[in-house]
Amino acid sequence: MSGTWGSNIKFSIFGESHGKAIGITIDGLKPGIGLDLDYIRREMDRRAPGKSDLSTQRQEGDSFEILSGLFNGRTTGTPLCAIIRNSDQRSGDYEKTKALMRPSHADYTGHVKYRAFNDYRGGGHFSGRLTAPLVFAGAVCRQILEAKGILIGSHIRSIGSIEDRGFSLTGIDQETLRSLREKSFPVLDDGAVEAMQKEILDAKEDRDSVGGVIEAAAVNLPAGIGEPFFDSLESTLAHILFSVPGVKGLEFGAGFAIAGMRGSEANDECHVEDGKLRMYTNNNGGILGGITNGMPLVFRVAVKPTPSIGRPQRTVNIDKMENETIEIAGRHDPCIVTRAVPVIEAVTAMALLDNID
Amino acid sequence: MSGTWGSNIKFSIFGESHGKAIGITIDGLKPGIGLDLDYIRREMDRRAPGKSDLSTQRQEGDSFEILSGLFNGRTTGTPLCAIIRNSDQRSGDYEKTKALMRPSHADYTGHVKYRAFNDYRGGGHFSGRLTAPLVFAGAVCRQILEAKGILIGSHIRSIGSIEDRGFSLTGIDQETLRSLREKSFPVLDDGAVEAMQKEILDAKEDRDSVGGVIEAAAVNLPAGIGEPFFDSLESTLAHILFSVPGVKGLEFGAGFAIAGMRGSEANDECHVEDGKLRMYTNNNGGILGGITNGMPLVFRVAVKPTPSIGRPQRTVNIDKMENETIEIAGRHDPCIVTRAVPVIEAVTAMALLDNID
Amino acid sequence: MSGTWGSNIKFSIFGESHGKAIGITIDGLKPGIGLDLDYIRREMDRRAPGKSDLSTQRQEGDSFEILSGLFNGRTTGTPLCAIIRNSDQRSGDYEKTKALMRPSHADYTGHVKYRAFNDYRGGGHFSGRLTAPLVFAGAVCRQILEAKGILIGSHIRSIGSIEDRGFSLTGIDQETLRSLREKSFPVLDDGAVEAMQKEILDAKEDRDSVGGVIEAAAVNLPAGIGEPFFDSLESTLAHILFSVPGVKGLEFGAGFAIAGMRGSEANDECHVEDGKLRMYTNNNGGILGGITNGMPLVFRVAVKPTPSIGRPQRTVNIDKMENETIEIAGRHDPCIVTRAVPVIEAVTAMALLDNID
Amino acid sequence: MSGTWGSNIKFSIFGESHGKAIGITIDGLKPGIGLDLDYIRREMDRRAPGKSDLSTQRQEGDSFEILSGLFNGRTTGTPLCAIIRNSDQRSGDYEKTKALMRPSHADYTGHVKYRAFNDYRGGGHFSGRLTAPLVFAGAVCRQILEAKGILIGSHIRSIGSIEDRGFSLTGIDQETLRSLREKSFPVLDDGAVEAMQKEILDAKEDRDSVGGVIEAAAVNLPAGIGEPFFDSLESTLAHILFSVPGVKGLEFGAGFAIAGMRGSEANDECHVEDGKLRMYTNNNGGILGGITNGMPLVFRVAVKPTPSIGRPQRTVNIDKMENETIEIAGRHDPCIVTRAVPVIEAVTAMALLDNID
């Protein structure tokens, strides 16, 4: 099984890129929660393609229809299902090249797992398009979290070799996170924008693509959220973050750098502040023993370069089992990092609400 | 819930460091599998403390007793439960200091979550000692995987600032993995051993600790293992790897480095080899779209320095809500990386068998 | 959570009687299964209302739309979602009476559980209309089971005080089950039809309703299906059978009668037949220790009379907390047993495939 | 998987009748609950054999050892594991007859499912002895429920053809349930005891056995417990009740009798009483739409006669695939109904706490 996730709330995803519709069912929301549909639309717009020459010019119809679970503008407490119709389909494009396994895509692994019965058009169920329902679900969860004062935000930490400065691990606040959400190209150091965008456009010009790192945070999480061992909050977050297509690395707090530290440097020492225990540092990224410690949650994910590139690549025709060359035509994102930002935030919201509710 | 994990096989862990016993129940093993108990003992010895001055001198009784699920040396197919009695207990030590929240331990988060009712002695349920049942379960799973030809191995990639060379992502073979398991200090470049051990002993001398990175691999995994989206193999592995105490980062294949690459560099191009599709490179670490692609599975985890250090640290007395200083006495590992090696391999085996079986 | 069910296959139901659509997602079907959509339509027609004066004259639009998981007529192996639009809505009817808790409906329990935020129109998520997606899912599962030779069938064992003869527990065969499915009023003894229908029409005439018993069976189930203890096949079947609205009792094989037997009478003695172990009797209904024994699976469910009746009933106005009298207007089934027959068969198919696949 | 059950609380059972130990892990209990171990012992004594000539003379060592999850007499919130050592083993008895499939036992189904690798001694994992851990878990849950005012009780409704009077569905109170628990032979009409016991002793004298019906109830359940559809309270209770060995039927409220009623008779009409909605009748047994309605929960289970009888029975030697005759020697219960009473109550407590907590 792959399409259902969550402990207290069950999220069930379905759909293929070129099928009739994609969607998600959210089961376990409390009754009586007023949902702001404009809020959801704004989040989905952040993910939607076609907004600038930094991303694909495909116009995907990301308008959603809520089929159930909402009555008089409020959650009923029974499963909430939303679908997004697929519209901008050029399925014919895929027939000719369906035997050519696109490198670093799931074409080959899907072919093997589903014994060639998977819907290969546009990646089918593996398509990045499936992140649209995730953003929908995340937008539902975020609203509920925000009503509890919990805010999630993120920025582009790097594109290719260009870096934004990192979050101050102990100093992340609501203001910072809110301002990032307003930005179409969210970075902390606006001076980095131009170089980052150039990195993307250069790759595009070269019929190539480029990857990057997203750094995300959540503030106002109370201490005590999460579980020891198998359902540590790191485990839960990691589970859903690695389900986002293209994510190949994840680190919390100081992350890999903590491996090079001494304990005396890495340990987050404590003190009393306003009657509460607080840490001086936040190398553990807000989680100890799998459970929140009241400090900001901070993590970074590595996003790989878009696998679809126009340059010729060596691959295999799976029907003939022969070596061939592929040049992937079409309108592809030269960099998926910008569009991945709201997706990373969305799945973070899903994981946090699942743990809190 | 935190103590039960797995889809096809359910692993249920229980116990506290200073309680009567710790253990694990494995539900879902196929019937008729002959288990080599010596194999299990060897794996548990790899994790056991007290073997050199690199690790704690505590003598933990890691001998296990299988209570159920094994009959005439073979699995019955019904739940297999094993327990490990706790013996070397100095519980009294903990009474005096129980209100002092040890920095970067789960003392505070456990205190909040369990409203002060958790067993605080030696970390209780959060103790690294709970990794012993994981190694037991992993040793059961490894045997079954090895009978299918699937081999898991790992090496210490770094201790503090000292690095071993990395796996050749495409060139990992059974021989390499087997030889690593024979080593008491598993590295690829034996020339790194002395400097790494010095790093540990220096930290110990300074009443401090040091972290490191473990790089693990599995070979002979058939293509097609794993799921799209929520139960991607990266998700499953990440879930259980982040449940191992001290792990703060995880990356597959090229990992974070892939974020700095162009697609033309990062993409794993394909060709036909011996009638099978193979990749020229392995930047995706053996997983595409959440599913194995037939290349070696490779990943790295960052392990933080042992939080228990003898040096004075600033902390909080949670009963009085006052700032205090703590000097953690006792016999602690100056570095848990060496003992974490068999644990990382064990949970990898658990995740792989759960996906394959 | 209530809307997701299954171990190897996950079924996720959603929708309300008067919302936009109801539906179900089936996750875990094997890839490459050709689905006969006409077969599904026939099954849904068996459940559909408005076919005779024995059932409600409502014309529900039970035509389904498959949104995902089916490609070129075959399952892809990824989640299959189908929706059924709601059309024949007279939602206004419900506004006036929404505070009147209809006796033996879920109005009051839904009101309490969902703190008055549930969609009360036509019972909302509690509506019998939600059995339409179950019949859809069951029709998918039945096809797969039939391809394995496993056939499910059932008959109306009683309506009010009128009884059909029971299955011969050891003598159920495919022929019997197939012929039952062809009947619009499925009984073994066709002589009982007239009296049963009179029982229904008499109740209708009296603005009342009547209950009944359905007896179901499955043949050609191999021995060895099911689990000991918590997931005994009886447990799994019971779980989903009791989720069908109106079911208040369930018994396997000899059922409650076995409680009055001596062991020497109740025990199913064994012998060799055609090289296989067979039982002389089938008082255990095909299940021993939670696992199929190769004999026909047989069980009976008690279905309560339709709670909606036109006669005046004493109830409570939940807003005013005052006693009132209700006369339920509208087009209701005087007996839901006939329409429940395909639903009982459908959920049986879901449970069996979940155990087999 | 079969050994793990529950949504909010996970119960994991393990063990075989003649293995080293049987046990259960309870994961998800809230921290800080004081457990009365004497209470648990009393419940386990109610199930224990050897107390009179009505049950087997085997002396099973049902003393439990809590390995984890309890600290200073209170739950820690982490998994609570308890084991019961097996002691009175005459394993040798089983070697001679292991190929003879005992009629109506799980010998044959276990043999097929586990491909002859199951522990056949005394029924192995299928043994009724596995109900001891259930009673342990139930005794933990009951205490917690009783602290919330929720009381569970039951009586022997029938043994063979001898009946006790039934509960008054609307009039069950705490007093009645408490007094039943004090009785060694719990019936409402003490005049039925002698005839029932004679029924058992007659069967014993005839080297035969006899079945019966248990009627159980729970009072003070608040309205609103349970879920619509798949996790209806009837579904949850049915799931675990049918996992108790020997249960072949289950009915709620009026049960099968409701199928013979008119709606006007079956419907539970409502009125206001002390400011609360109450029903005049309780034919639905306290559950509507899968959710408690504030009336007493009432149900009945049919328990089959002990399959082990001394009389000669026709069976099959599974190794030779030949017909043989078996006479089951040893000390068996002529009737398991009396010992099943605390088991039925225990699993009811497990299901209720899982839904409430």
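Order of writing sets the labels: A, B, C and D. Residues in every chain begin at 1.
What we mean here is this: contacts are C-beta pairs under 8 Å (C-beta built on N, C-alpha and C of every residue); 3 or more make two chains touch, one makes a residue touch a chain.
As the structure is a computational prediction, the values presented were derived from the model and not from experiment.
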Check: Where the contacts of chain A and chain B overlap, which chains show up?
Finding: none
Note to self: If you average the CA coordinates per chain, which chain's centre is most distant from that of chain C?
What the structure shows: B
Checklist line | Computed distance of Cα centres, chain C from chain A, in Å | finding: 40
Item checked: Interchain centroid distance [CA atoms averaged], chain C/chain D, Å -> 26
Check: Using CA atom averages as chain centres, what separation in Å is found between chain A and chain D?
Finding: 47
Next item on the list: Would you pick out the residues of chain A that each touch at least 2 other chains?
Entry: 1-4, 13, 78, 113, 125, 228
Notebook entry, point to check: Line, ring, star, complete or other: which one describes how these chains touch?
Noted result: ring
Check: Name the touching chain pairs, please: which are they?
Finding: A-B, A-C, B-D, C-D
Note to self: If we count contacts the way the header does, which residues on chain B are in touch with chain A in the complex?
What the structure shows: 1-5, 7, 11, 13, 101, 103-106, 108-110, 112-113, 125-126, 130, 158, 160-161, 203, 206, 208-213, 223-224, 226-232, 234-236, 238-243, 245, 247-272, 275, 277, 279-280, 283-285, 287-293, 302-309, 311, 313-316, 318, 321-323
Notebook entry, point to check: For chain C, which residues are in contact with chain A within the complex?
Noted result: 1-4, 8-10, 12-16, 19-23, 25, 27-28, 31-32, 65-69, 71, 74-81, 83, 113-119, 124-125
